[in-house]
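Order of writing sets the chain letters: A, B, C, D, E and F. Residues in each chain are counted from 1.
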Amino acid sequence: MPTPIEYADASPQVRAVYDDIKTSRNVPDVNNFWKYLANDPATLKRTWESIKEVMSPGALDPFTKELVYLAVSVTNGCGYCTASHSAAARKAGMTDAMFGELMAVTGMANETNRLANGYRVPVDPAFQK
Amino acid sequence: MPTPIEYADASPQVRAVYDDIKTSRNVPDVNNFWKYLANDPATLKRTWESIKEVMSPGALDPFTKELVYLAVSVTNGCGYCTASHSAAARKAGMTDAMFGELMAVTGMANETNRLANGYRVPVDPAFQK
Amino acid sequence: MPTPIEYADASPQVRAVYDDIKTSRNVPDVNNFWKYLANDPATLKRTWESIKEVMSPGALDPFTKELVYLAVSVTNGCGYCTASHSAAARKAGMTDAMFGELMAVTGMANETNRLANGYRVPVDPAFQK
Amino acid sequence: MPTPIEYADASPQVRAVYDDIKTSRNVPDVNNFWKYLANDPATLKRTWESIKEVMSPGALDPFTKELVYLAVSVTNGCGYCTASHSAAARKAGMTDAMFGELMAVTGMANETNRLANGYRVPVDPAFQK
Amino acid sequence: MPTPIEYADASPQVRAVYDDIKTSRNVPDVNNFWKYLANDPATLKRTWESIKEVMSPGALDPFTKELVYLAVSVTNGCGYCTASHSAAARKAGMTDAMFGELMAVTGMANETNRLANGYRVPVDPAFQK
Amino acid sequence: MPTPIEYADASPQVRAVYDDIKTSRNVPDVNNFWKYLANDPATLKRTWESIKEVMSPGALDPFTKELVYLAVSVTNGCGYCTASHSAAARKAGMTDAMFGELMAVTGMANETNRLANGYRVPVDPAFQK
């Protein structure tokens, strides 16, 4: 199975990505996700650059984006992503109360998505605009 | 297949829920989701009361909650929910730029969730705390 | 895109499956699912034989099995399957009240599945036995 | 990460929910799901009350509801939920043979849902009624 | 709701991406996916460049990649993606027989994924290496 | 919870399936998936025969089918299946580079599936044919 690539064993191309992650996030080491992705340097580089672009401040602030990322990860049942994005959201300021409400919204959306599926609700004309 | 229950044909119990939705949201009529759910008055009432509680202002503001709801609905591929929560988010202030970024984050989360699954990345000890 | 194979245009192998479906279900014609699957006669035959075996009376009665089939289809957001298995369940005796409760359970399961994911709840030792 | 709230450390509001769960289910302690949800007392209370209402006897018996809950949890790949609802279904009378058939139906539904998606099967007019 | 951006109405940045898609694929116009994504030029550009990199010949040939893309789209129930990637795979050489087998494999994987979930099968030590 | 059925403890019907798996795959023992499925001999037999038929050489070669199986398992987040089908694909010749590209395609498909959902992209007339 895939094994992590530590900085000491990484190629210059991989190290360049690691360095950028460490600088951008002000962390002493990259987390496991990147160490495993480093087995495919092209995907490592592309994914990091995409994440950096997508998660940067824009019309939405980075904190809101972290909350959305966590809600999607929980919906998909990705254990690693739920752990890592919970940590990221906490670091960005998510309190226990915020986490509780985020989970409540995520749970309700998953519930009502299925109620809409099951009742085969047609889209209201007003929502087609 | 299920058919919608219009206000004029609704029981007093269903009308009471419709009235509360219309007042709470300041809309002249409820959208199709509720008209279909009204086939099961207990689920109509429970779902509305849960939504009202979960989506109200708290540690997270209602706008952030709408964005999360939309991201989950898009992840699950619920067509009705994507349409209705896009409309709700627009009404609550979501601009085109915000929508674009929300979709970008939702897409990236769905991508990296699978990369983490596929590489079988173990949770970092720092994320276990 | 795939097109349906009507009985008149079907090969003897496909007709044999259609005949068995029509006899087993006491219907004048097979529904679209089978007409499309007939583009791959091996999958048509294997799927029908598997469905016939799995949905037959056993430790669980066929009606309970239909309800489960519908709940899974709604969870997955399969529009065709939700329509066809709603019809099958209705034919097998599902009332409006039963449908309402089935959707309520399906919705709650989808909600609490995400709450368990998000809170990263460890399995109780009692459930490991 | 979230930690469980034991009865001894719980607020009166949380204890009231725990007491109701213990009485309703005739168990000496609540399972981990509730202890984690107790970090958000409003979600704990709302979720328990919803579950109690949804899983009570109605047009469908509680045993059938437990089977549906388990099938949905397995479909979503929720490990905790699969463990807890397997235990609940066993307690409610699910035999090995019933479990085997439930999994067979759940598996077939997941398979045919994708066959219908892939062949883009249009809904039969008879299923639109 | 989002509307498509036609070439005539597109900004120079969007036109540059459209031109690259048209040249790379040798098509007279881009398909709807790109015309909608053009509402967010940054996502349009990033997504196209990622797709171009990921789908190019490498250790796996582009045809195999198209089959995988279609299988994932069918699994997720994305109607648009199933239609567009079916067309792309057909163009790249997918025959009716290949499509039938691809669907059969996709269906079986979705079935056995749930059987493994439901039986809570532990990973064999030989698969941990 | 379910327990595995070892060869020594298996019924003649189960042993016959185990023997066929061992011969077909040239392995000294069956993996855990089959040992757990053996709790339901009918499902064991049906699933094995279906897998054997579906994964055999045809219009698509068995290696391509293994890659597709893995991509679907990763998309669904099935941990057991990801481990077992990674091992199977490796055994069939999947290199590190192939694995990396397979995950890249799987990730992109999951991302663009949601972009198409979120932008509610209508199917191009050319894809309806």
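The rule we apply is simple: contacts are C-beta pairs under 8 Å (C-beta built on N, C-alpha and C of every residue); 3 or more make two chains touch, one makes a residue touch a chain.
No experiment lies behind these values; they were computed from the predicted model shown.
Which listed pair repeats C-E comes down to matching contact pairs by residue number; over half match for B-E among B-D, C-F or B-E. Between A-B and B-F, more C-beta contact pairs join the chains of A-B.
Of all residue numbers seen at the subunit D-subunit E contact, over half occur in both copies; the interface is built from largely matching residues.
Computed from the mean C-alpha positions, the centre of subunit C lies at a distance of 20 Å from the centre of subunit D. Between subunit D and subunit F, the centres computed from C-alpha atoms are 27 Å apart. Touching of two or more other chains is recorded for residues 1-2, 39, 42-43, 46-47, 50, 54, 75-79, 83, 86, 97, 100-104, 106-108, 110-113, 115, 117, 119-120, 127-128 of subunit A. Touching subunit C in their complex are the following residues of subunit A: 70, 74-75, 77, 79, 82-83, 86, 102-103, 106-108, 110-115, 117-120.
Residues 77, 83, 86, 96-97, 99-101, 103-104, 107 of subunit B touch subunit E in their complex. Subunit B meets subunit A in the complex at residues 1-2, 31-33, 36-37, 39, 43, 47, 50-51, 54-55, 58-60, 64-65, 67-69, 71-73, 75-76, 78-81, 83-87, 95, 97-98, 100-102, 104-106, 108-113, 115-117, 119-124, 126-128.
In the complex of the two chains, the subunit C residues touching subunit E come out as 1-2, 39-40, 42-43, 46-47, 76-78.
Subunit F makes touch with subunit C in their complex at residues 1, 42, 46, 50, 53-54, 127-129.
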